[in-house]
Structure formats: structure tokens, C-alpha cells
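Here's a structure for you.
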Amino acid sequence: MKLFEFLGYYNYWVFAILLMIGFYAVIAKANLIKKLIGLSIFQSAVFLMYISMDKVEGGTAPIIKPGVVDQLYSNPLPQVLILTAIVVGVSTLALGLAIVVRIKERYGTIEENEILDAD
Amino acid sequence: MSPQLAIMLALVVPLVGAALIAITGRLHDNLRETVTLITATLLAVIVWSLVPLILDGERPEVTLLQVMPGIDIGFRVEPLGMLFATLASSLWIINSIYSIGYMRGNKEKNQTRFYICFALAITATMGLAFSANLFTLFLFYELLTLSTYPLVAHKGDAGTVKSARVYLGVLLSTSIALLLTAIIWTYHVAGSGDFVLGGILRGLMDPASVGLLLALFVFGVGKAAIMPVHRWLPAAMVAPTPVSALLHAVAVVKAGVFTITKVIVYIFGADYLFSLPQSGWLVYLAAFTIISASLVALRQTNLKRLLAYSTIAQLSYVIMAAAILKPMAEIGAAVHMVAHAFGKITLFFAAGAIYVAAKKTDIAQLRGIGRRMPWTMAAFSIGALSMIGVPPTAGFVSKWYILGGALQAGHYVAIFTIIASTVLNAAYFLPIVYMAWFEKEDTSINTNTSVIKEHGEAPLLMVLALTITAALTIGFFFFNGTVIELEKQIVPRLDSS
Amino acid sequence: MTIVFAIFLLTMLVITAVAIVQSSNLFVSVMLTSIFSLLMSTNFFVLDAADVALTEAAVGAGITTVIFLSALALTATQEKPNRSGRGIALIVVGLTASLIIYATFDKPRLGDPDAPVHQHVAPYYLDNTMEQMGFPNVVTAVLSSYRGYDTLGEVFVVFAACIGVLFILDARTGTGPKYVTRKMTGLRHHLIPQVVGRILVPFIVLFGLYVQFHGEYGPGGGFQAGAIIATAFILYSLLEGEQAALRAVPRSAQLGLVICGALMFGMVGVLCMIMGGEFLDYSVLMENPVTARQIGIIVIEAGVGMAVCGAMLSIFHAFAARSAEDTDEAV
Amino acid sequence: MIEWLLIVVDIVSWILLIIGSICVLIGGIGVLRMPDFYSRIHAASLTDTMATLALFSGMILQAGFSLAAAKLFAIMLFLLLTGPTATYALANSALLSGHKPKAAVLEKKVE
Amino acid sequence: MDFAQHLPALQVIVPLLAAPLIVLLQPRGFAWAATTATAFFSFAVSIAIAVRILAGDILRYEMGGWFAPIGIELRVDAFSAIVLLIISGAAAISLIAARNSINQQIEDHRQPLFFAAWLLAIAGLVGMVVTADAFNIFVFMEISSLAGYILIAGGPDRRTLPAVFKYLIIGTIGATFYLIGVGMIYMMTGTLNLEDMAQRVVGIEDQRPILVAAAFVFIGLALKAALFPLHVWLPNAYTHAPHMVTVFLAACGTKVAVYVLLRFQFSIFQSFGEHLLQFALFLMPLALLGIIVASLVAMFEGHLKRMLAFSSVAQIGYILMGASLMSDSGITASTLHMFNHALTKGALFLAVAKFATQYADLRIDSLKSAARSMPLTSFAFVIAGLSLIGVPGTAGFISKWQLIMAIMETGNMGFIMVAIVVISSLIAVGYIWRVIETLYAIPTDDLPDDAADVSVKPEKIDMLLIALIFTVAMNIYFGLVPGLPLTLAELSSKILLKVEF
């Protein structure tokens, strides 16, 4: 049982680790695209956290099976939230990339330190 | 005319005057100056109309609007404010006459702006004088600072701007940092900031805090030019002389000492303060300011700067008198405001007249000038005598009362200070008078040949103005009954305690 | 068994993420990001979130990768080495990590049916969807009705991103070839991909439509469908070239799709208000509230699909047009 | 009779699944062990084609006559179409961008 | 349909739905007019809401007809109402003034998109305020953020781009942190409705996920609110944004984040006595430090817009300091300062925008003697500057008064805080006066007067100038008659502290 309890938390730990990897990339990387990649990992980690909490042991996806009684379903709410969040994430990303493209055109580089030097 | 209406008019008239000046300034100079004079006269009439009421013991009140619960903009005329308003508004007429002569004689630029700001400053002074509570007082206090800034910076060159920065910096920062804190503290403790005879703080604070609050007020009111927040006053001397005369001898600096006196009388309550040893330091501080400012004045070579330091010393007279916290001294404080106003405005007028006529600013240049400008120097001498306190001048009256108060309180430091400063005053004023009348004109000092020119008196308007003030200085010695009568009303509670 | 599989997937996720950050070749990073999304999607599936898995696959692995690649084509593919800022990054990251790990130990265990999330609001949805909506997919029900307002917001986020990219990249919104495209012939000279692609495109669109309109009964809905259909058109433009794709779906049509989709959603809501209900209360649209809700949901899902599809296409073409312009300048 | 048939179908499906898995494994080893790019994608294509075919056939047999079987069939078709195409596109673009096969390089050296 | 009943919904959906319409109908000049009209409608709605609130109502609206916590509920109380007024007022004023400035800075064909983004920004900000649902806040936060990035990216200078990028990264991190926090609370309570959350959090407040959630929500929103030292994105973003955008964002952008922050701290985490204390202990030093440091930076900043941007950071410190006092009067001061600072900073940036119509370079030195050619603008700048300093008679004074009063109530410790407020006011005198002096400096160059006058056109009286004067007048009006914001602020503090009234 100990082992299973440990495994039960594994999702949260992976969430933490992914979050940190993404966060690290955002802060430490000077390349703007790399920052955005880091940002998308960062956001994905949060999606994982939400989805992890919707799981019910022995449940299935929340699509009601008519006539079946006593069927456990996983929680639909976090799924809805994350559907929204995924689309928000890609929207932000697209905007960010558009800015990066413009930066490249105006500065000729996408490295943060070189941009700072240029001004 | 109901007194309420009069109060409102006293505020509105100079404001409207400012607007009219702005409009007429584009049309014609004479028209503009006529408007100024009419406004000044009208204001004086209105303010004087209130005097009999106050003498009868009435205290008309107007509440303009409530800003926050417990905090409103309101006006209430009481003897101190009445005196101050009367003084400022009456002298404004004379000063306007003088200004016209000065500004034209000197061919200054931006004259319209000058008159507008002047009118605004007078508005602020009226509001300050009639304010019914600390909040209103603070509002007009800041307005006064801001409206006089353009006057000080009038010339606009680098040196002037720098001085004006000192002026504004000291006044604005002390008021925001200390005065505002003190006011909010008062509101916090007492729940209101209304001026009530006998004070509103009695028993609400522990004595140490009272001492601290008093310090916040005294240093917060930078306009009172008590050391070490006096730096702005010499700096302000870069302004045109009419400004120095009315504002930095009368309106602004008097606003400072007026505020402190008012706070002592109506917020703390003089007898309450007297019962607390924690407030005794103020007399010493004022005494120190008197002596050291006089000493500094001794070393000045520029006439206006000398007058500035003299002003600092004289202002501290008022504060010291108020801080002695005895009835006679409180009256003395009020009377000295008037007496010093007459004397000092005369001195400044004379200095300005000399500058316009002869372009001379240094004391050393004044040798023998009495022969060329007899009227001016005669007035100057009267003003100087009043500063020293020689009868029959106004200065004697007030010194008499202050000295009386100090004796009442048995405050030997104060007595000593008064005597010492009289000697010092004599030491820096009398040589000038002597030089002007009895020494020969020395042309060798003026290396700048263009300056050496034959000159007589200053323009007629200026001479007229300074003659009137000199006459007032002497007249006050004989006819001061009304003022004393008025100011006795602020002290009955003191007698009873 | 499932849990072991889940652990395997999660571990793979971490490894991929590390690889993404480590690789200095941006192209490799982007491709790994695509794999990362796919792994994530699988993981969601394991955790019983079919709808999310589908979305993550379509949006995360599909659209995101395409946008990344088109941006890379315009910028750089190699990251320059830079070691500054690592210390601060590690400290900040370490602090945040310890905060999260600290929080972990009071959290309900994975799959615990007694967890608060399964007790309070969610049961209402599970119990009442059939009755109130008349279809079994609870996620769709929550998405489009119970929390329809969120979804409206989300459509407008997409709309914002769309106009943002157009604004920033300054792509024309009008019709007509403003940019002369040079040699953007796609894969026309590669016969095999072209033929296969041509066969596939209609089927992908068909699948997209299936996902769109089957959303009430199985996993799917407007978002997924929009993304899938957009992918089909993007594939088409890769195959046939920018020009041909724009002939098929001109810019104005793309933008029109976004606007109409967003407005359709909003207008349904306004209609509900006019009919006397609250904003987005579909039940007032018809006599029978259940049918009314179904109608409302179909319309707004269509709106969502249109908006997402149009936005993704607009964004893609904005990037693509940029590269066309660039080559012109270079020549 | 029907039970016997079911067992046979089951066995066949498992055999297919195992073959598929082995193909995937071989493909994976191949990708790791092969010397250059082209031979690697050659190995990988085993996963795309044979493994897909085998695995999906196995799964379809497992699913029996149902909607799931149809879906699986569709997916299989899709993968069989796209997998080789992708491999082709990959190899083609590698060649176009100037990436020479190792064998060619060796031949050149020998010459 | 009953108009009054739908007020909270209309507040959001009108600007939201107007945005695509503007992109759809693109004839020239229409975009601006339609946007402005929408903003004014929005303003009217928020006034109507404020009237209802002052009558004692709390407006609730069940989106989609689903009761909370099943559906999303909109909920407007006094605290929301005052923030709504700030947002829609700032939008209306900045938009009506925006036409010429925007024509100057944004090409014609891009304007419809730009104005659509502006509407989305309005909708996003008001959406965050009216909603009572934690996740819905996130969605609208993203709408407003994306729209904000677009608006700022309209700036002409190339330095705009790195500034926006930085804002985008930090903004997204902030939003994601918020999302993590909300997720953790949801995990422990099972609900997203704020009220419901507040009730269900009772009893589990000492559980670690809730504590950590509080931290994440705080940091996330502090990033959005540009709380020192998380303000790094703000100065550049404000400096390089189009001038009118700066007006709008400076007036209301960060305030909404502060709004959400206070809502969370006081409504959700209200029940933890200890937590509130920790929050105060954590927030207060940051606020104080922010006030001092940002003011000092502003003091030595040479670019007018950057200087004002740093001053904004300091002002956010004031707002949060008031809140960190945890007292009725403290929160009143804080809310009031949100309102007053919006007025003041709005006016200052409007003046900057007006200056920008004649001066390409907005470094302070290059504005020398601007008062000669632009007397009205300069004078307006002076008044607004005085309001920023807190001179009596201006709106800034009222909030400073309230703030110091609130500090005094805390007793002895308060003197340090009073000292800091006072010192920073003095610094404000310093940096504002530096500008005023430059504006009114007499040209020292040897050119004759008329030559200088020829080089600079006289100021044109346009909508921008009128809006500027109007805003300045409002500064004075609310400095003398602060009844409306004060009442709302007092009601807000009662709501936040849950004092019965």
C-alpha cells in the first residue's frame, strides 16, 4: 500500500518537475523562442496537475453510459477548465512568436542579451 | 451685506480680479493696472467692513463644502485672522501702487502673469486668514506657496530658477512632510481640526506627544522661517522687490507666524501648553533664531538679503511672543505682526526704489544716497528705527507688549533676547542710515561705468507708496487702540486660567 | 497495470522536457515539444480525460508545432550558448519547487474517490446532464452550457490572438494578393506526398466535422474540430503552396470565420436575453428546454469550431505571408 | 463450434500482436544501431508498415464486429498511408539538403 | 428584456461583442467612433451599476441560468463598482481623446484591429471584475492580457517589441501561477465560485495546499499588478506603448490585478486570522520598499514616460500598503487611492500624449520651455503633478490623507510608515518639479524669441486637450468633493472585512 500511495503522488511530483523545467527555461534561456518553448512546458505542467485531480479510481471518461448504474466517472470540471487553458496557451504562444518574428526583423537576432546590447 | 457674504466676497474678489487681469492684460496695460487697483480697493473695503463685527465679538462662519465626514472647507473670522486679513488687504493697495511704478520703471517682462499670481496669492492669504479649521488652512497654505512660486521665479534666469527651487523645495516639503502629518495627527486624535478658543487637544495626548506635535507644527510651517527651515527666505529675495515687500515681509511670512500663533491659541490652547514643560523649548528655539539671524544680518553686504535676515529675526519675535504663552505676549505677537509689517514693507519699498532709480543693491553703494533720494531714505530710516523699536515708531509698541509678557512669565531668556536683538538691530541698521545721510557718495566702488548716472528719486508712484507706509509706521505708534482691542479678544480665557 | 503505464509515460515526459531544454538546436526542441505534447495527450487519456487528450493532440502536437516551425523559418534554428542568469533561475525555480513539493503531502491521493473535487460540484453535472441536456458527454455539457460563459471568453481569447498576430505581423486583412509570392509552390514537385496528401485532406476535414457534430455523444467538440479542420487546410497549403491555399480559403474568409464564429456564439447569448432568459440560457429558446439547450449547444459549438479554425488558419497564413515577403526583400 | 472459433481468432490475434510488437522492437533497435540516416529511416519504416499492419489486425480481431473495429481499421489505413509518405518526405528532403548516404561517401573515398 | 437586470452581463458582453464587429466593418474612421461609442456605453452601464450599488443592492447574475456554484455567477458589489468605474471611465476618456494621437502612431489599415484589441482589453478587465468565479477570472485575465500585449505592441519604436515580449512572458507566468493557485484551492474545496470557496475553505485553512495556493495566487497577481520587486515589465511596457494606450493602461491596468488580489486575500483567505497577519507582514515591507525605491528611480529617470511609469510602481505600493493595514480605514484608503491615482496618472499621461503631438522626443530635457507653445497642457500637467504629490485641493491629497489617517490608527509602529509616505511624497515633489521647471524654463539659447516660436506650432485645441482639461478638472473636483469614491471605498472596505452594515 505504501508503494501505491507513493505512486499516487507521482503525478504531482512530475507536475512540479515539469513546471520547474519549463520555468527554468523561461528564466535562464536567452533565446526568445526557447523561452516560449519553456513557457509551453510550464503551462503543460499545470494542465497535468488539473487533469490529475479529475481521475477517479475505477472510473471512466465522463461520457454517461445510459442504463449502466454504479459506474464511476471521472470529474468533468477540470477537463473543461483545461480545454480552455490549452487554447489560451496556444493563443499566447502564437502572439509571442509573432513578436519574436518582429524582433528578429528589427534587431536581426533573437538572443535577449544581444537585443539589450543593440539598444 | 451679511458677514457671510463678505467672507465669500473676500475670497472671490481677488480671484475674479485675477481672471479680469488675465483678460485685460491682453488688451492694455493701463486697463490691467486699473483692474488691479480696483480689485485691491474693493477687497480692502470688504475686509474692513467686517472689522466692527469682530470688535463686537461676533464670529461669522461659512461652511463651503464638506470634503469628508468631519473634514470640511469652512471659514470663520476671528480676531487674529481679521487682523491678518485687514493688514494684507490694505497693504495690497499700497503695494499695487508701488508695483506699477516698479514694474514699469524696471521694464519687467510678463507683467500680466505677475499681477495674476499676485492676486492669487492674496486670495490664498484671505482664505488662510479666515480658515475655520486646519484642513482649510492647509489648503490655502499650499495655494499660497504655489501661487508665489512664479513670482519668485519671475526673472527666469538660471540663478533665479535655482533660488526659486530652494524656495519651493523648503516650503513644500516641510509642509507636506511635517505640517500635513501634524494636521492629520490632530484630526486623528481630536476628531476634528476646528479652531476653538482654548484648544481642542486638552487631555487627549500624553505630554511628550504634545511636544512632538508642536515641533511638527513649528517646523512644518516653513513660512515662519524659524531656523533651520529659514533658507527659503533669503533665496526668495531674487524676486522683484514688490514681491519681497508684500509677500516676504507681509503675506507669506506672516501667514507662517499667523499659522503657528493660531495653532498655539486655538489648537493646543495657550494655557494648556503653558502647563506642559514639554513645550518650553519653543521659546529657546525662537530666541536662538532671533540672535543668530541678527548676527548673520550683520555680515550681509546685499541690502535685500540683510532685510531678509532681519525678517527671519523679527518673525521669531512673533513666535517667541506666542510661545511665552502669557496674555500680554499673545497680544504682543499679534501687534508685532502689524508693526513689523509696516516697518519691513517700508524698508523693502525703499530698497526697491533705490534699485529702480540707481540700480544699486549693495549696502556699500549707499553712501550719500540720502541727498539724491531724500524721501526714500527718510522712509528707510523710519522703517529702520521701527525695527530697532525706537519710539515713536510701531516697533516700539509691539516690543513693549512682548517685553511685558516676558516679564509676566518671568522668562529671562526672552527678556535677554529682546534686549540683545535690539542692540544687534541697531548695529546693522544704523550704519546704513548714517552712511546714507552723512557720508559722501563714493564713485570709486562702481567699476561699471554705465551704472554711474545722475539719478534723483524713484518714480512718483513708488515714492508715494513708501511715504504712506512710513507714515503708517509712525501712525501706528499713536493709533493702535483698535488693534489692541481686537486682539484682547483672543486672551480672556488666558486671564481666567 | 494502468498506473505502471502512467508512471512510464510521466517519466518519459520528464525526460523529453529535459531534452527540450538541453538541446541547443531549436528545430530539435520544437520537434521534441511535439512529442512532448503527444505524450501528454496520451497521459491525459490514461487519466480518463478523452476530450482534453484530443485537444492536446490536435492543438498541442499539431497546431503549436506548425506555428513554431513557421516562426523558426523566419528567425533562427540555432540557439546561441549563454550561461548568464543560471544562478538566479536555479534559486527561483528551487524555491517554487520546494513550495509545490511542500504542498503535495496534504493533497488527496491520485484517483481517491473521496477527494473534495469529486464531492461538491462535479456530481451535479454527472447526475443531471442526461436529464437537462439529453446527451451523454458531460464535458461538452459543462463546456457549452454550465460554464458556457468561460467558453465564450475562450473564443475571444482565440480571437484576440488572431487579431494580435495579424496586427503585429501587419498582414493585410483585405482580399487580393498584396504580396507577390515567389516560388511558393509547396510540395508540388514531390509526387508521393502530394498525392497522399490530396487523398487525406478531405478525410481529415470529414473527421473534423465528425468530431464537431459528434461532440455531444463522444469526445470532441468545437475546439478539437476547429483545430483538426485547420490542420487539414494547413496541410493543403503545404502541399499546394500558399497561393493555392489562399485561393481556396482567402484571408477575408479566414477572418470572417473567426468573426462569424465569435459573433454566432455571442448572438445566441444575446438572443437568450431577448427571449427573456439570462445570457447564454439556451433553455428559453424553445418550448422544450432540453431541445432548446441542444439546439443552442450545437450552434455555439459550431461557432467555436469556426472561430478556432479561422483563427488558426489566419495565424498560420500570417506567418507564411511574412516569409513570402521576406524572400521578396532578399531578392 | 463457435467457442472453438473464438479461441482460434484469439490465438491468431495474439500472434499478430506479438509479431507487431517484435517488429516495433526491431525497428527501434535498428534506429539506434544503424550507421547513418538513410539506413535508420529504413529501419524505422518497419514500424510504420509491418508493425502497424500486424498490430492493428490483431486488435481488430480482438475487437470483433463493432464500431471500434471500424475505427481501428480507419486508423490503420491512415497510418499505412501517412507513415511511408512521411518517411519518403524525410529522406527526400535530407537528400535535397545535401545529406549524402554513408555508402556513397565510402564509395567516393574508395575511388 | 429587463435592462436593469442584465447590467452586469451587459458591462462585459457589449465591448466583447463589439470587438469582432469592428473588425468586420472596416471603413475608415468608423473603428474609432464605434469603439468610443462602445466605451461610453460601457461607462454609462458602470454608472448605472454604481447607482444601484449606492442604493444598497448587490447585483448578482447567473450566467446561462445556472445557479452558483454550478454555473458562473456575476456578482457586483461596491468594491467591484468602483473598479468598474475606473476601467470604463479611463477607457471612455482615453478613447475619445485618442483619435489624433492614434492616427499619428498607428497606420490606417491596422486601426480596426487595434481598436478591436482595445475593446477586448476593456471587456477583459471588466470581465475580471464582475465575475465571481475563480477560473472565469483567469479567462478574462487572459483576454485582457492578450489585448494589452497587442495594444502595447502598437508602439512605433522597435524597443516596444522586447518590452512587449517581456510583458508577455511575465504576464503569462503570472496568470499560470494564478491558475496553479486556483487549481490547488479547487482541489481542496471542489468549487470555483468565490463565495462558495470562502465557505468551504473554513476548517481546512491550515492544510498545506491551501497555504501554498495562497502564495501562488499572491505571486501570480503581484506579477500582474507590478508589485515591487515584480514590476520589471512595467516601465518599458508603459514607456514604449502608444501614448494613448499608456493613458488607458496606467489608469486601470494594474489596478484590476490589485482588485483580484484583495478579493482573494480578504474573501477567500479571510477566515485565517494567522494568514492575514502573515499576508500583512509579507506585503507591507514590499509595499514600503516599492514606494521608496520606485520613487527614487523615478527621481533619476530622464525619460518622462518612464519616470511616470516608475511613479506608478510606487503608487501601487501605496495601494497595497493601505490594504496591508488590514483595517477598515486602511482598505478605504487603498480603494480610494486606486480611484484617485487612476485620475491622476490618467491626466499625467494624457498630458504626455499631448506633448507628444509636438515633441517627438519625450526625454525631460527636450521638453524645455514647452510651456511657451503649450501653455494649457503644461498647466494641466502642473495640476495633475500636484495631485500626484498630494497637494490639498486635489484628489491625490484625499487619498494620502486617508492613508495617513489609517496608519495613525495602528499606533506607534505607524510612524515609520508615515515617514515613508512622507519621504516618498517629497521625492514626488522632486521628480514632478523637475519636469515643471523644465516646462517653464525660459529658453537660454541666443535665438530671438520669435525664432523659437516659429519652430514649434502653437498647441491645437482638440479632443485630447479637452479630455486632459476635463480629467484635471475631475482631479480637483474629487479633491474637493470626494463623496462618490469615498462612499464606494468605505462600502468596499466593509464588504472586504465583512463588517455588517
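Just so it is clear, A, B, C, D and E label the chains in written order, and each chain counts residues from 1 on its own.
What we mean here is this: a residue touches a chain if its C-beta (ideal position, glycine included) is under 8 Å from a C-beta of that chain, and two chains touch if they have at least 3 such contacts.
Computed from a prediction, not measured in an experiment: that's the story for all the values here.
A.B. asks: What does the chain connectivity look like after leaving out chain E?
C.D. replies: A, C, D | B
A.B. asks: Shared touching chains for chain B and chain E?
C.D. replies: Touching chain B and chain E alike: no chains returned.
A.B. asks: Treat each pair of touching chains as one step and give the shortest count from chain B to chain D.
C.D. replies: Minimum number of steps from chain B to chain D: 3.
A.B. asks: Looking at C-alpha means, what's the farthest chain from chain B?
C.D. replies: Checked the centroid distances; the maximum from chain B is D.
A.B. asks: If you average all the Cα positions, which chain's own average lands nearest?
C.D. replies: E
A.B. asks: More C-beta contacts across A-E or across C-E?
C.D. replies: Result: the pair with more contacts is C-E.
A.B. asks: Using Cα averages as centroids, what's the distance between chain B and chain C in whole Å?
C.D. replies: Here chain B and chain C have centroids separated by 75 Å.
A.B. asks: Would you kindly tell me how far, in whole Å, the mean C-alpha position of chain C lies from that of chain A?
C.D. replies: Once rounded, the distance between the two centres reads 13 Å.
A.B. asks: With centres defined as the mean C-alpha position, give me the chain A-chain D separation in Å.
C.D. replies: About 31 Å separates the centre of chain A from that of chain D.
A.B. asks: Let me have the rounded angstrom distance from the C-alpha centre of chain C over to the C-alpha centre of chain D, please.
C.D. replies: Taking the average C-alpha coordinate of chain C and of chain D, the gap between them is 29 Å.
A.B. asks: Please output the residue numbers of chain E that touch at least 2 other chains, ranges allowed.
C.D. replies: In chain E, the residues touching two or more other chains are 135, 139, 142, 146, 149-150, 153, 180, 186-187, 192.
A.B. asks: Scan chain A for residues touching two or more other chains and write them down.
C.D. replies: Residue numbers touching two or more other chains: 19, 23, 53, 77-78, 81, 84, 88, 91-92, 95, 99-100, 102.
A.B. asks: Check the chains against each other and report every pair that touches.
C.D. replies: Inter-chain contacts occur between A-C, A-E, B-E, C-D, C-E.
A.B. asks: Touching chain E in the complex: which residues of chain A?
C.D. replies: 19, 23, 26, 32, 35-36, 39, 42-43, 46, 49-50, 53, 77-78, 81, 84-85, 88, 91-92, 95-96, 99-100, 102-103, 106-107, 112, 115-116, 119
A.B. asks: If we count contacts the way the header does, which residues on chain C are in touch with chain E in the complex?
C.D. replies: 99-100, 102-108, 115-122, 124-125, 145-150, 152-154, 156-157, 159-161, 163-164, 166-168, 170, 172-174, 255-256, 258-259, 262-263, 266-267, 269-270, 273-274, 276-284
A.B. asks: Using the touch rule from the top, collect the residues of chain B that touch chain E in their complex.
C.D. replies: 65, 67-68, 71, 73, 135, 138-139, 142-143, 146, 150, 153, 156-158, 161, 165, 168-169, 172-173, 176-178, 180-181, 184-185, 187-188
A.B. asks: Going by the contact rule at the top, pick out the chain D residues touching chain C in the complex.
C.D. replies: 78, 81-82, 85, 88-89, 92
A.B. asks: Inside the complex, what are the residues of chain A that reach chain C?
C.D. replies: Contact set of chain A toward chain C: 4-5, 7-25, 27-31, 33-34, 37-38, 40-41, 44, 47-48, 51-66, 72-84, 86-88, 90-95, 97-102, 104, 109-111, 113-114.
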